[in-house]
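Listed below are the structures to be examined.
Shared between the two complexes below is subunit A, which pairs with subunit B and subunit C, respectively.
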Partner chain A sequence: MSLTQGSEDRNRVVLRVSNLKLNFHTYGGDVKVLDGIELYVRKGEILGLVGESGCGKSVTALAIAGLLPQNAEILSGEILLEGKNLLAAKKEEIRKARLSEIAMVFQDPMTYLNPVIPIGKQISEIVESDRQLFLKPVIEELLNESSTSRAGYVERKKLERILKDGNVSKREFGKLAKLYAISMLRKVRLPDPERVYSMYPFELSGGMRQRAMIAMALARKPKILLADEITTALDVTVQAQILKLLRELKDQIDASIVLITHDLAVVAEVCDRVAVMYAGNIVEVADVERIFSNPLHPYTKGLLESIIRPDVVKDELKSIRGSVPNLINPPPGCRFHPRCPFAFGRCSIEKPNLIEAEPNHYVSCFLYG
Partner chain B sequence: MVENLIEVKDLYKWFPIRSGLLGRVKNYVRAVDGVSFSIKTGETFGVVGESGCGKTTLGRTVIKLTEPTSGSIIYSGRDITKLKGRKMKEYKKKMQIVFQDPYASLDPRQTIGSAIMEPMFIHGLVRDRKEARSKAEFLLEQVGLNPDHFSRFPHEFSGGQRQRVAIARALSLNPEFIVLDEPTSSLDVSVQAQILNLLSSLRRKLNLTYMFISHNLAVIRQMCQRTAVMYLGRIVEIAETSRIFENPKHPYTVALLKSVPLPDPKKRKMLVSLEGDVPSPVNVPSGCRFRARCKYATELCADKAPELIEIEKDHWVECHYDIDFSREAKVNTITA
Partner chain C sequence: MVFVLFGLSIIVFYLTRGLLPPNTALAPYITPRMDDAAKLSLAKGLGVATSACQSFEDFSMGKSYCITPLWNQYLSWLLTVLSGNWGYTLLPGISGSQTTWDVFAGRFPFTAELAIAASILTIAIGIPLGIISATHNNKLPDHLSRIVSLGGYSIPQFWFAVMLQLIFVIYVNVNGQGLLPANGALATSCAICIPNPGTISTFTGLPVIDSLLSGNISYFWDSLIALILPSLTLAITSIGALTRIVRSSMMEVLRQDYILLARSKGIKERVVIYRHALRNAILPAITVSGLIIAFLLGGAVIIEIIFSWPGVGQASLSAAYVLDINFLELYVLVTALIIVVANLVVDIIYAKIDPRIRY
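So, the complex of A and B:
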């Protein structure tokens, strides 16, 4: 319960999810996908959301972004973005939030990019879709950029004028949007951004496409960037490039990043804080160093022990016994108890709450009270 | 017993690209482009590389699931490259494969029992159904599944369990050699370890030889005695796995090792080592194929393709230079 009450972090929290319960209706029955998610994201941090496939990490992100499929039903909970509940908001507010406050990048860029529209156009289209909303961020970005370029002086005056008047023709804004899109492509370190602007998705490699997707998300100046398994489909050398980019961007942009992944090594490399999910619950939240040095939840412990490391050779690899439960009929009580080596009587009857076992280290397990 | 179970010499596999009305061959995808190596009896031989480097094609060609374009494959002393029909069938029995995706490699309409029995019937290993069934049940038990699951369908199993079925099917012909093509990369971390443990114990119990194909360096290190690193259709380095990790000699191997993230927030590093992407295997660069991404490349690298040479005993590298990476490679060389 204490996650929602929060301790000293209160003012820095941008996004807070509390008691989010959600079912998917299927022919086989209701899948209890999320079972009371408690989560908050601080300003400017990279939060890792880790778990195995089917644990509900992507669904949590989709719920935050308002992109849930038709068969999803939210049973309870709140998603508060800077204090405003997105689940109770009006349609227009949700549209604005999705357009400019929450952005999402997916695993497979080829599925989400439009194959018949040039990359750059897909970015400038976003800002052109709402001239009023994006006028300020676009001009500010261009002013920022022109201050470093030689030919920027004349442009500068014009831009400042537009910013003051708050008035720009559709055509002129289109031109600015193009420049803005190019500057976004440059921001994600795509080589030769002017040329990439007019290229089609099929002409780019996997890593470049993922960069383009990130540029598209950043163009909206989001407060929350949801990155769902963005490096999973990439090769290690390209994954390294994207992870490096994320780390560099973190200091340049104003957004908090939620990195969803199944790969604990990726988490260790880029995240500030980690939330571990299991079968629709957040089971542990802590700073990244704490999670790795002092995991509390038996699932987190098991997960860390089963990692195969490139720098340590073991005789026998450890694993967690059993497999992930079917969420149509999830186990009663703690959903991990059938696989848990420490389970006792209470675990199969009652569901443990997420409690603050140490300062800023939350765990949902009866072993800790 | 022969020391080298498999010897591959100068193996090529080029896939033609046809286009136009007459289907003329316009160009080739040079998936495997001149590869030589040997696999010792009883070892796990790793093949590691990024997607599109030809590692899967190499695995399939070695057991002749695809015919090689040229080169030779010698299986325990006998050249099997040109064998066809009944003679090849004898060897196919000894060489099996486990594929990456257990959702695609099992027929959804066939019970798992029947999937395991089918190879035995094809090769006439059993007299009747009853014998086949008892053997299949034994195999299910051996891979850690309940023999009562014999008449179930693949959709009733999880990914890890399906992979166990695929392993049981590969074992049904009592093979000597199994190609494991990314056997755990579609599985979750907690299940991956179970399957790798199973594979290691089966190898010891049944005296199997593995060719283990993976893009995951951590898994390779855990499983393999010797490892070959592939880049764009060529093997650029072969050595004992510990050597590859502790004393890599090819700039590509070094870069690959440096880009692997470690599950330890205290050992964060500036990950990047390589810019750009793997070139297309259709338009292979002249000279050394890695030169466009290699920071040590010189004019010599553009002019002349390096050969795979033995720089130390059992350590083969395909590079013109002997570069000292001792400072660079440090990040990844901690052994427990």
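So, the complex of A and C:
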């Protein structure tokens, strides 16, 4: 499809999703959740994935991480992580990819942390699960930290020796993993990380838990961070802190972020590019300034018009007429056509492709060709 | 806990004394050569008859001037039994020759041994089976486990016991001897038994443990073999119950968000299930295990009878026939004590596993 021949710099693409179609089997029939997702993420960028509830944002993220529920069936498509197709990979390979390359941070910090395992253990178990893989990053991180702290010379010597030998006993590594977890907790700016390490989730506030969850993602030094509505359950002040933290950490570990949200203010604040989703399709992709200054797709236009702004007085709150279609029997052709003010004959027959309407601005709508 | 036992002692006392004729209370304390005058003074001594009572005749007829008020009787009874005086047993065969306490104390270890073996089987089979069931939901292992658990839960124990005896004692035999023993707590005549295991000294009363402590391995082997069929029979129902509970709570936990997070971390599925899911799913199973253990320790009357197991369950049935109320009171109170203690232990384990629980 057109996205693959686009004018983006190929070498800098970390993740590419092409023509991803998937259904959920339910008793009511097959729900056609994703209908040919086209997406790419460049190295070091923050891509915002926006859309209404139920449009398939989270499912896209789960598909990338290989965490789809059992009733999901992938019909077609490719998910390429640095050229490797995750959809064709074995379960064990996908698990390894989650361990070191794709990290996910979830929406609700209240329910996503295990209530009976201490916070720190939930971080250190990640690196402990693969000593070979994490030996180097853990020791480098600790060396890095000890150079700034007042940790002794002997400690450095020991760490350097372990790094040179390349092997370490399980117990010894457990201790290092604990120090590493504490250092991660410090990185996400949790106060008194040594104490937080042994605390349980119920002893932390929502913002602290979200930080702890970010620390879990950070500990793996991932290439892609999938952040699924991470600010939705937080206070506005905490939201800003978390977003700022996320952006800083991304630069530190040189990762890319897919930020899933329905909050356009968050998108405007932190994202480099935006992909707008509607009913299982990507309808528009562009740089964040473009989307806000020159939205092309009728859905994007409607979405932006429905934002409530204190500086613009409106007689009436704007909304997009109609409601989200039932995806068991989605509308034929363009899935947005029943709600679209500009719909014409072709819209209900053919499905529009994502085309490059102007440089680096993709839209799937017949109004543009 | 003490209050529960105290309340229970009142109920037990009322049910045995308040509803039965007054002279049944004397029965455990009467020796064969007592005349009526001696019996009357015994009744007065036990606090059942008033000091104004003139003849034993009036007392056994229940004349009201002869009978002390019930609460008064209760206090005297409580003092008597708390001092360890439970009178002589009325059990057939040994009536009057041994104290109730000695009979109970001699039999209880056998029941305890059987119950502990059954509890170990229940937990060792029920919990893994439940986990397998939940992780292979609606696949072959789940169906097999469902057959085992629902089947085990539905089979009448007495029938299952007889079937086991038929199979392992009658049909499967080696050199004319059954593979396993059909009855008794010490197996000396079966295909894999050791005929003359010798003797052991008593430490805990439990033959399996005492034989190990005495260093008598043949005795240990014979006691262990004798346990197989009765403990399996006793466990079969609770295995079914525990399996289903572990399965449903495990499935509930596997749907939780934190399991998705754990999976998203890329740690092994085995770690997800045993570290992240099981610790949360095990809580209801612990409650049930506590109740099951208490229930099993309370004695399984039918199984003890079928396997001629010398435990308290069998004796309590005989005690009920001959109205040996002291034995029944002792049996009920000890059972209650076990249930109360089991609940306490469950609460302690709960607090250990779940950091959110504080007392």
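In this section, the second predicted complex is superposed on the first by the 362 of 369 C-alpha atoms of A that agree within 3 Å, B and C clash if a C-alpha of one lies under 4 Å from a C-alpha of the other, contacts with A are read in each partner's own complex, and residues count from 1 in each chain.
As a convention for this text, contacts are C-beta pairs under 8 Å (C-beta built on N, C-alpha and C of every residue); 3 or more make two chains touch, one makes a residue touch a chain.
These numbers were taken from a predicted model, which means no experiment stands behind them.
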First (subunit B), second (subunit C), both or neither touched by A:Ile117: second
Touched partner set for A:Phe202, first subunit B, second subunit C, both or neither: second
Which of subunit B and subunit C A:Leu99 touches, first, second, both or neither: second
Touched partner set for A:Pro137, first subunit B, second subunit C, both or neither: neither
When both partners are placed on the shared chain, which of subunit B and subunit C touches more of subunit A: B
Touching residues (chain side subunit C, partner subunit A) in the complex: 256-258, 260-269, 271, 275-276, 279-280, 353-356
Interfacial residue positions of subunit A with respect to subunit B in the complex: 52-53, 205-208, 235-241, 243-244, 262-269, 271, 288-289, 292, 302-304, 306-314, 316-320, 323-324
Contact set on subunit A toward subunit C in their complex: 65, 67, 95-100, 103-104, 106, 108, 111-118, 125-126, 129, 200, 202, 213, 216, 220
Subunit A contact footprint on subunit B (complex, rising order): 50-51, 158, 160-161, 188-194, 196-197, 215-219, 221-222, 242, 245, 255-268, 270-275, 277-278, 332-336
